[in-house]
Amino acid sequence: MIWNSAGEFWAMGGYGLYVWGSFGVTFLLMGGEVILAGRRHRQICESLQMQAMTRDAVQDSAQDWQA
Amino acid sequence: MLSVNDLSCHRGERRLFSGVGFQLKAGTCLYLEGDNGVGKTSLLRQVSGLLPVSVGQISWCGKPIADNEFFRKQLIYLGHNLAMKDDLSAMENLQIDAAIAGQAVDPDKVLSALKSLGLKGREHLPIRVLSQGQKRRAALARLLTRQASLWILDEPVVALDVPAQAAVGRVLKAHLEKGGMVLFTSHQPLPMAIPSASITSYRLQG
Amino acid sequence: MTPHSNVLFRFAAPQAFYGLAGRLWPWVAALATVFGVWGLWTGMFVAPIDFQQGQAYRIIFVHVPASWMSMIIYLAMAFWAVLGLTFNTRLSGMMNRALAPTGAMFAFLSLWTGALWGKPMWGAWWVWDARLTSELILFFLYLGFMGLTASIDDPRRSDKAGGLLALVGAINVPIIYFSVRWWNTLHQGASVTVTQGSSMAQTMLWAMLLMALSFWLYAIAIALYRIRTLILEREKHTQWVNAELRPEGAS
Amino acid sequence: MNPFIAVVRRDVSLALRRKNEVMTSVFFFVVVAALFPLGIGPEMNTLRLIGPGVLWVGALLASMLSLGRMFAGDHDDGTLEQMVLSSASLPSLVGAKILAHWLLSGLPLVVLSPVLALQFDLNLQAIEVLMATLLLGTPLLSLIGAVGAALTLGVRGADVLLSLLVLPLYVPALVFGAGAVQAQTAGLGASAHLSILAAMLLMAAVFSPWACASALRIALE
């Protein structure tokens, strides 16, 4: 281990702002991308399921009406 | 000879038509019928080579029409857009039209073509000042100024008055008598001049 | 046709690829996490301080892999574009759409971390260095690709136009890089040349390579994930998509 | 009539009937070149330094102004369909359109540039090199810009998109164009820059019409 204390680790020899600014934004963006991709996938799945259900319902009602 | 086999067309996610097939022999005319939105224009664009074909075959004299320079030489396509520049006269437009198609045309031939479609005296006016019907007549005059055996016409007589429709009918008849082929759509009644023996109609269904 | 290419063409069908991508992405994502944690541990806790740059050099553990990925992803897009334009495969266009946002993100990260590294090292947030300038232009190329594909509604047209643009861009990227370098050497006085620690300690190199591997796997995982969404969207009228979604829904 | 020459003649005569299109890019070029000294100050040494860059950026933006209309007119009235269906090769017809674009919005800038260069106190050799770079560079800009114009044809928000697509690709032309004049004033000689510009022009002349033709076919689908 090259660090003596947690404070020293966070300070990064006086370059804390730059180092953590880089790492922070990197992982923020990557995390954000993952969340956005996941949300988009769920949205698509839900809207497609909704469409399938309305289609079924329309077919059912059409059959009822014919009967 | 043009032959279309098992053709289908998708626009976006929608399927317009499928399993379309017909043949067009020398001296015959195919009248494409169908309701609005059934895909008549798309079919004509596919047959002329503007839209790519993913399912089915279209061939000209036994060869596929894609990248077929010989086919393009033999084709005139006239769609909804007339390909006429508003700022140029009918005369200039038709000369440039022939040049773009890769053909030379004699000025006298252009004048007589315009005359036979009733545009005598308006040859040198800018297209801008002509009426809708006159613009279409000028655009149809390219059928006479260019040499081609296959004419694909999308609603050729729309906006035309009765004498002009008759003139177009005569032009089509003369073309068929010379062994030409015509593929067209129309919501108007058919031009009378065409002998019914040379017309087949094909109903396009979705 | 050889059996090998048969397999390739089978998975080039969206339906088959949907299943394949669904099985692959969790593993790739897990591997990316493992290498990421390992790389971060090596980079932050094992690698020693750099004599010239102090602790600030640790930024290269994200800066360099992000720059590499931004270029590799553009190359990958050009590859898919060639494939798509020659064989007319539907998957290539979707692949490019799935890759572009990640590439743009990496290009942006490369610029951001480059600025944060440059400030303490050169005393300026931005220098007109050849590499930074080319990276900026690469970022614009990504934005252009995304803008073009997003503004064409018909998916097939959009794929083809995007593929052509990616190809034109890929031909231009080396020319742009070369021209910016030439320009940069002509104006020596105005800029500082970047040296990326020529005598790099072994552990530093390891940390950087581990991070690069992790970013690479991350890009693959997110692209696989995103392409599944795109396939569902594009194929929503087909039988198999309905069957795929049915078990959770009604009837 | 040869299709190539016919298309060039048609585009030029159409533009000359509506002079405002040609005048727009010329006027833009002149005004931009006049605005820079007003923004920076009349210090002659500074102006001499920034002159080549300003004139090149001005020429680049001026020739980009008319890119959006390059294929739009032919697309709207159906002439583009006739070009695609012509038995003449589409890349050569597109090449004719690009040549016409250069004649209308590139060549006037080359002719005007010496006058504007005087405002920046460039010497005679520098002006000669500037004209040579613009002569090689403006057709390059038209060739590259045409690909962007063809790709954004009939697309939502085409204007903004066009500049986003095209400007990054203009970078090499700008670097070597403005760089040549600076190298000349620094006494290094501009021949290397000029040969690279010429090489890029040749390469673009081969690839750009082909890429445009593919993009136009896509746009008509």
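A, B, C and D label the chains in the order they appear, each numbered from 1.
Operating definition for what follows: a contact is a pair of C-beta atoms (placed from the backbone, for glycine too) under 8 Å apart; a residue touches a chain by one contact, two chains touch by 3 or more.
Because the structure is a prediction, the values reported are computed rather than measured.
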Separation of chain B from chain A in steps, with touching chains one step apart: 2
Of B-D and B-C, pair with higher C-beta contact tally: B-D
Rounded Å distance, chain B centre to chain C centre (Cα mean): 49
Chain centre separation (chain B, chain D; CA means) in Å: 37
Distance between the centres, which are taken as Cα means, of chain D and chain C, whole angstrom: 32
Interchain centroid distance [CA atoms averaged], chain A/chain C, Å: 18
Junction residues of chain D - those touching two or more other chains: 221
Two or more partner chains touched - positions in chain C: 154, 236
Pairwise chain contacts under the document criterion: A-C, B-C, B-D, C-D
Complex interface listing, chain C residues touching chain A: 44-49, 54-56, 58-59, 62-63, 66, 101-102, 105, 108-109, 112-113, 116-117, 119-120, 218, 222, 225-226, 228-229, 232-233, 236, 241-242, 245-246, 248-251
List of chain C residues in touch with chain D within their complex: 85, 137, 140-141, 143-144, 147-148, 151-152, 154, 156-157, 160-161, 164-165, 167-169, 171-172, 175-176, 178-180, 182-183, 186
Chain C-facing residues of chain D, complex: 147, 151-152, 155-158, 160-161, 164-165, 167-169, 171-172, 175-176, 179, 182-183, 200, 207, 211, 214-215, 218-219, 221
Chain C to chain B touching residues, read off their complex: 153-155, 234, 236-237
Sites on chain A touched by chain C in the complex: 1-3, 9, 12-15, 18-19, 21-23, 25-26, 29-30, 33-34, 37-38, 40-41, 44-45, 48-49, 51-53, 56
